[in-house]
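What follows is chain A paired twice: with chain B in the first complex and chain C in the second.
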Partner chain A sequence: MKLRTLALLPLLVLAGCKPTAKEIKIGVSAPTTGSISATGQSAKNAIALVQDEINAGGGVQVGDKQVKVRFILEDDEDKPESTATVFQKLINQDRVLAIVGSYTSKCSNAGAPIAEASGIPVVSPWSTNPNVTKGRKFIFRACFIDPFQGRVVAQFATSKLKAKTGAVLYDVASDYNKGIAEVFRDEFTKMGGKIVGFETYNTKDTDFSAQLTKIKGSNPEVLFLPNYFNEVPLQIQQARKLGLTAVMLGGDGWDNPELVKLGGKVMDGNYFSNHYSPDIDNPIAKGFIAKYKARFGLVPDAAAALTYDSANLILKAVATAGKADSKAIRDALAATVGFQGVTGNITYGGGGDPVKGAVVIKVEDGKFVFDSAVNP
Partner chain B sequence: MSTQPQPEHTAPPPEPGQSKVRFWMVCALILALALPLQLSVDAGLFPDVLNPYYLHLLTIIGMNIILVASLNLLNGYLGEFALGHAGFMAVGAYTAALLATKALPSAAALPPVLGTCIILVVTLGGAMLMAAGVGYLIGLVTFKTVGDYLAIITLGFNMIIVNAIQNMDFVGGPRGFTGIPKNTNFLAVAVCALLTLGLLRNLIQSSFGRVWVSIRENAIAAELMGVSIARAKNWAFTIAAAFAGLAGGLWAQNQQFITPRSFDYIKTTEILVMLYLGGMASLSGSILGVVAYTLLMELLRNLLSTFAPQLAEWRMLISPLILIIIMLTRQTGLLGNREWRWLRPRQGA
Partner chain C sequence: MDTIIQQLFNAAQLGAVYALIALGYSMVYGIIRLINFAHGDIFMLGGFIGLLLTTRFGWMPFYLLLPLAMLLTALVGVTIERVAYRRLRNAQRMSVVITTLGVGIFLENLVRLTVGPETRQIPARLPSAPVVWLQQHLGAFVTWDKLLIILISLALMAILWLVVNRTLIGTAMRAVADNKDAVPLMGVNLNLVIAVTFAIGSALAAAGGIFYGQAYSIDPYMGIDLGWKAFIAAVIGGIGSIEGAVLGSFLLAGVEVITVAYLSSNLKNGIAFGLLILLLLVWPWGIMGKPTLKKV
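Let's look at the complex of A and B:
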């Protein structure tokens, strides 16, 4: 009998969590536990920074009065089913006006239908899969999508490095790698280059000598490796051993300190595209990085920078809309032009994917150094 | 990992026929509550008390009850340690998703309520058939093995299923399956969960169920009595897989997005935790285990975010701790080998 009475307790507590008025609430769905909890931690830090910044100035201007902002962060454990629950809670129980999140594309794909059905605008900082925003009115993102990077690197290779011939070696079992590789091939050819090698391997392969020997035969000027940081150093080491002199290029999968730890000297002089670079010459980014460093003792990564931008995009949309109404915020977001963020300028051209630039980073003496910005 | 259950019938056995009436009364009561609940949430009545978030939790509880109760068939009644339940769920989820998006017209093209019902019956039927087929094959392969070996083989099958889906481009591969229509709601899940419980309850009381329990208690003795162990096991695998497929089909059409990695061994482990929390060889335990686990996780989320937001990350540490304490104090789970009266076998029938 005791168990039966206990079973009623949760309902009472759930019903007791009533929303309080007179502040603007924005939800955050981030993986603060689970396999990518480091990303969730970056998100949490960036959100804390945004909240303190906006409330120190009295809050966000809504119509003729200033309203304080409260971010409600929930852990989605990097699981789609938990993300669905988190979105339900944020929307229906906390009554948030908008949501920042989620991070991985699989989680955003599970949360997006719920937000779309409830008419709550969502800005995902980190989901690069094109499907997340496709056919949806209320879902936006602050990052570029996967295929864009292929174009960025192709443009960098042809105009900056003046490369005429290029080769690609990529992981055929992963959609991320495959998508970027194919776009690079098409764009590089369109920009007047010639693809002399297009080789594949499978996730967790460690011997690439067969493919690299074949590539060596055609002696390309650049070799594009759109793979993750844990495999790239091995590929470059083997390529150099075979006498390949090509400049190595990569995508945001390279953005991890492990890259130079694993590769060492062999990584120097190579380039990769990324969302942002900590030493980019941009006053907003400089201010953000200084504040972040002072408060958390860390250099912010791309996830932190993109979270900061996503939250500010929403706050700006609230101010533009002039009322605390999700539909109006969505319309203001969709009409965003030239928003100046840490990761560059963001403009929404109709859909939920931003028109924004990328940066190219050079590896020098084991450090990531900003090389150039590429705008579409 | 087979358990040696201690029968603990505390209450006096009920009169013949009484439990059947009780069962139908409970089913009727749950449906009588579920229907107005679904309708009023859809209509947006009383948004503070009846909000879609709670309904979402109840929907998840319903789907998990189907999963845990069907795994109980293998791990509780048959006494095996099967570790591949999420694999069957994946088969069901992808089958239902494919049927709903590629083969069937959208619900909008059909008459409103009836159309959704037809779609659900077809997709869930397909999901159960497909999962049952896979379960039958796995049962064929595993009939010679017991204990830890069976655990490894079923775990292997779970991995094979997940990896195979990851390499199929037409279902989205590693990126997942997007754009599944939302055909499932709480009411559909409640009906399916009750049907599952009713069917399993009757099966367990039938000669099938007694054969399974006899294999668990003493396989050699059962074989001496003329029980075909291979066939009985194969039936258990097929039936359990079919219900896992049903849960998967509901899951896919509720979440509208599925990804192969949601169905890996971590999901299986979660089902196992709920099963052991509730208790083996008890359908009541399966229900209570799911309800306790789901509410514990969500309650902690709500309590922490309301009263101690700085502790929110400790949720994943506090909840396993509570589970450990429960398991230490109640070693057969909350309701191991005991049944609520409405689910209890008819005595003397």
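Let's look at the complex of A and C:
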């Protein structure tokens, strides 16, 4: 009896394998090491959540059958050259149908041309620089773009904080920082403010005291720091040590728990624009936040929320397309209307940039508190 | 007006850290004609040892912590010399230079693996209140930690000068620098002199690392960029010369800060490196270096 069951086992295994032999493979390019590895970790967590959710329900519906989904996550180290390698590997070696990534705009700008040439659709969760999707058919994003973000912060500074003078310190070697800094400068001036300092530094610089001292000389009411969370606390700390009293403002690059871990008290009382706030009243967001908290013990940051939305956008497009074909998935993505995500509703109006709103968040006692919402 | 004086303090703080690193490059080169490219990473390691001590032994006051971190880093420096460089002392110049690069990469990855790649800051141990006197009399907003970092660095450099010029081991070091082959014949222990040089260089770099971690921040790869800057400062000052390393460091930091303050922050590195190229074209021995003729 026992032997007979054993003899049947291989047959069972084979039978069990057959429907799952075909799976949908989706690539993820995220910076899990390097200076913003905290963002890569958020991405990894969100992807794990999406994969388990979809496969618990049997997988994604493709035509008349359900197919399991496998996400293949590769580390792009937040370096453009590594991102290019990761995109090539995902497309040529792993043969993925679509890609989620990359995160910073400089990396997405390196990966996007490769995907575009191979006809693989990409949804970048976090790259807000306009050039990422410009003139490309296969590149989409789940977030708003910098011109909008720069305008949100400029508007907040002039109307809510009633600031008349402002200054900017930004990383000139990074697409994201440079783009948003320039938009802020133009919009702030248009809204009646005066830019009294516009200073730069290079990625990896750690001493900003010369630039900050120069800015201090012109005594601005607000200082805009559109840089990443691993540098901003040091910049604010050095600014305070040099006697600068301006209110500090930032963009979505601030959004990571590392910001207050590194900066502590100096971060309090400053504001930044973001994709979503955990305090916002949205049932989909509430469900996501609860699940994420239960599994990882952390409140998800915007990178996690946007990764979750990006992956689900692709899965929905696969279901809509009804076949495992990159071109069909791309067409389904482009036709997305009113996708309800954690970070709001996403509709693609022709290009790869969604129309969606932003929030302004205040740092208070080391916590991110919702301040106001801005719609386009 | 007030910002000029504040900028001078910014430059002095940065220059002090450059100098603490540059001295190690210069001393080692002066004695065994070796450019130790791992030295920038010794500086990084010193910063991380400081971080470890401040977080593990919260009770330890700064005046105890600094010498202890310097001592530990000195031991690492001596060990590296003993294990990796000594056997290659008479090998081809290129072999040992490549080895120093390898040691540097090893140290970077060791710290990255054990501590992690994130940017960190050494918890503040120096008072960060502004110096009231400077604020009232010069209108300059300078915090106590900045002033102390500059003063302690200068004190360390003064001690180094005394050791090199007024002690027996210092005399031996200068003798080795003069003629490495003849000195052992006089009964001087060459290995000891070289080990002491590495120890002093590493200890100074560790002080630089701790100051840097207090004033700015530290990460496992910071030794690359700052190591290059300090090396350039040593070359500008005249590599092999202690006074030159200090002078070159303050000069480089001054040029960087003044460029940012009065020209544009975009030009900072361009001007600093341009200065180096110009100097090497006109006076390749560096400010304090002596023209040497190679006898054929």
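Note that in this section the second predicted complex is superposed on the first by the 224 of 376 C-alpha atoms of A that agree within 3 Å, B and C clash if a C-alpha of one lies under 4 Å from a C-alpha of the other, contacts with A are read in each partner's own complex, and residues count from 1 in each chain.
We adopt the following convention: a contact is a pair of C-beta atoms (placed from the backbone, for glycine too) under 8 Å apart; a residue touches a chain by one contact, two chains touch by 3 or more.
Only a predicted model underlies this, so the values are computations on that prediction, with no experimental measurement involved.
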| item | value |
| --- | --- |
| Which of chain B and chain C A:Thr33 touches, first, second, both or neither | both |
| Chain A residues touched - chain C or chain B, whichever exceeds | B |
| Which of chain B and chain C A:Val363 touches, first, second, both or neither | neither |
| Touched partner set for A:Asp207, first chain B, second chain C, both or neither | second |
| On chain A, positions contacted by chain B and by chain C | 33 |
| Residues on chain A engaged by chain B in the complex (per definition of touch) | 3, 7, 10, 13-15, 17-18, 32-33, 72-75, 77, 79-81, 84-85, 88-89, 91-93, 105-106, 109-110, 112-113, 117, 129, 131, 134-135, 173-175 |
| Chain A-facing residues of chain C, complex | 2-3, 6-7, 10-11, 13-14, 116-121, 128, 130, 141, 143, 145-146, 212, 215-217, 219, 221-222, 225, 256-257, 260-261, 264-266, 268-269 |
| Chain B residues within the chain A interface of the complex | 47-49, 51-54, 56-57, 60, 166-167, 173-176, 178-179, 182, 251, 255-259, 261-262, 288, 291, 295, 298-299, 301-303, 305-306, 309, 312-313, 315-316, 334 |
| Chain C partner contacts - residues on chain A that touch it in the complex | 33-35, 37-38, 172, 199-202, 204, 206-207, 209-211, 213-214, 216-217, 230-231, 234, 237-238, 241-243, 258, 262 |
